[in-house]
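There are structures below to look over.
You will see two complexes here that share subunit A, one where it goes with subunit B and one where it goes with subunit C.
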Partner chain A sequence: MEQTKSGHPAPPPGGEVDPALLEILVCPLTKGPLRYDRARGELVSERAGLAYPIRDGIPIMLPDEARKLD
Partner chain B sequence: MRPMPRTDPMRIFDRRLLRLRRDRAAATVGRVAPVLDAAAALLLDRLDDTTRRFSRALDIGGRGAVAPLLRARGIPLVVSMDLSPRMAARAGGLAVAGDEEWLPFAPESFDLVVASLSLHWVNDLPGALVQIRRCLRPDGLFLASLPGFGALQPLREALAAAESTLRGGVSPRISPFPELADLAGLLQRAGFALPVADREVLPLRYRTPMALLRDLQAAGEGNAVLARDPRIPPRALLPMALGHLEGAGEEGLAMPLPLLVMTGWAPHESQSRPARPGSADRRLAEALGTVERGAGEGTGRPRSGGSA
Partner chain C sequence: MRQAYRRWAGVYDEVFGAVSRAGRLRAVAAVNAMPGTRVLEVGVGTGLALPHYAPEKRVVGIDLSREMLSRARARVAERRLGNVAGLVEGDAECMGFADGSFDIAVAMFTATVVPDARRLYREMRRVVRPGGELLFVNHFAAEGGLRWWAERTLAPLSRVLGWHPDFTLGDLLENPAAATEITPCPPFGLFTLVRVPNRPAGG
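Here is the complex of A and B:
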């Protein structure tokens, strides 16, 4: 993993998401679980085939803003 | 991507346009903070009616008026969801961009959901209510206010009169608002227990009609009705409509805001509800300390007069 000088992992793209949010967020379409892809700064819904972006620490849980998985 | 055909009769509002409006309004919504704060305070007063303590709250579309009040009541977790990420960021809770029609929360995530003046742009209100109920824990509370039927009525009439003069027809320039009778039924259908819908009025007054229009714009409440006339309105429309309103009075323009307040609880066994017929294990007569008699038998009491 990429390390900063202080030894902490580099902040993920899109900013840190509060862990309390990660516990309760689900895919808005399937209501299924999300996988937090920290390296890409995305919340991935395998079942919907969508990756929801995180911008400035805010999860963007809007289907038409999500990236389609290949 | 979900299809959003303009011809679908179930789609009344343009959610994409609404998101843009709210994004833009994030910078200006502070100007209407007094109105939003008053509406939020009026709604959250309902929390004083219950002795229940809440620990996990969802604020839907609160625009900075709701989350701080929830925190001030000592609720440790407050999540603020808005269709616009920018609006969510300034709402005061943990920010999530999300759509009321596609709630992104796991079942039983919250014990309180508050939607102050934010559900009136939802196309599928019954669907949104079901999703809200599901993200509540048993015995969790849902509290919402919507602008009711009659909101902005003077403006609606003035615009319609001016447009019909100028164009010989009228297009929807103000959103349709629900009526009180619709809401209690909707709550019940969505599976809420002890559903209540009632009406309050927020007395508002504007110095000029233009000040009202500026407030609506600052709040991101511009017309997002799909069937709106896409043409640029005739230049004379607004001045003529505002002219109709100017005549309204010298102490400014009274524009009372009817608020429909909804409360409903996620079902829980501790809540009172009617028992199944025939499920009683005690006789009513026993509880009343009296003697049970068959139908048609006399009560054994004198019919009239006679006293000891």
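Here is the complex of A and C:
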């Protein structure tokens, strides 16, 4: 994992999300599981073909705001 | 709705905060008195209620307004609200939470601003475990008396904040008899606290 000068892991681009919150998040469309892509700061729904962004530690669970997967 | 909130985000706390304070405090007190620690606040807005939850309650807030959520986020940081597990930008009628994720879901002043209140209710039932609790604080249409007068007086404010003056309990609950507790809140009983147990089927 990437390290900062202080030795702590570098914060992900979208900001930190509480692990307890990550655990209960699902795709709002399929209600299926999400994969947390920490490096990109995204929550990926393979089934919906969407990646939901995280901004300032706030997951944006809106299909209209999600990135379409290729 | 998002547009309306964007426009009003600046004065929202001052105007809406004062009018809605009693109802909000009563709802949070009811949440704090309930068993279970996993709480979802639907329509968390600028997080006016967040500092009032008991420390043992783990609160997640959802809202559609990015502007409001950024204010809520600042409030959480400023007040060091360690029991706020997270904020989510999302649609209350179609939430990205797994079934049964919460013990309690509370929606304050939210049922009248979503396009379909019954869909909101069904979605809240889904994300709360069977046997959990749903709480609503809202303005429900009055039939007469002091409340009717207050509603008429505050009608311009209602329009600004996106209330529906003729919203009834039946617009929210398919079966209004499912509510086990209906408590009027000050001022003038303008807002009502409604408690609905999340029974496994029906309701």
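Following the convention adopted for this analysis, the second predicted complex is superposed on the first by the 70 of 70 C-alpha atoms of A that agree within 3 Å, B and C clash if a C-alpha of one lies under 4 Å from a C-alpha of the other, contacts with A are read in each partner's own complex, and residues count from 1 in each chain.
Keep this in mind: a residue touches a chain if its C-beta (ideal position, glycine included) is under 8 Å from a C-beta of that chain, and two chains touch if they have at least 3 such contacts.
Just so it is clear, the structure is predicted and the values come from calculations on it, not from any experiment.
Chemist: In the superposed arrangement, which partner chain does A:Ile60 touch: subunit B (first), subunit C (second), both, or neither?
Modeler: Once the two structures are laid over each other on A, A:Ile60 reaches both partners.
Chemist: Based on the superposed arrangement, let me know which partner A:Asp18 touches: subunit B (first), subunit C (second), both, or neither?
Modeler: In the superposition, A:Asp18 touches subunit B and subunit C alike.
Chemist: Name the contact category of A:Cys27: first (subunit B only), second (subunit C only), both, or neither.
Modeler: both
Chemist: Could you tell me which stretches of subunit A are touched by subunit B in one complex and by subunit C in the other?
Modeler: Subunit A residues touching both partners: 18, 20-21, 24-29, 31, 56-62, 65.
Chemist: Inside the complex, what are the residues of subunit A that reach subunit B?
Modeler: Listed in rising order, the residues of subunit A that touch subunit B are 18, 20-21, 23-29, 31, 55-65.
Chemist: With touch defined as at the start, can you tell me which subunit B residues reach subunit A in the complex?
Modeler: Residue positions touching the partner: 1-2, 16, 19, 77, 79, 83, 85, 88-89, 94-99, 102-107, 109.
Chemist: Give every residue of subunit A touching subunit C within the complex, in rising order.
Modeler: Against subunit C, the touching part of subunit A is residues 17-18, 20-21, 24-29, 31, 34, 52, 56-62, 65.
Chemist: In the complex, go through subunit C and note every residue touching subunit A.
Modeler: Contact set of subunit C toward subunit A: 58, 60, 69-70, 73, 85-91, 94-99, 101.
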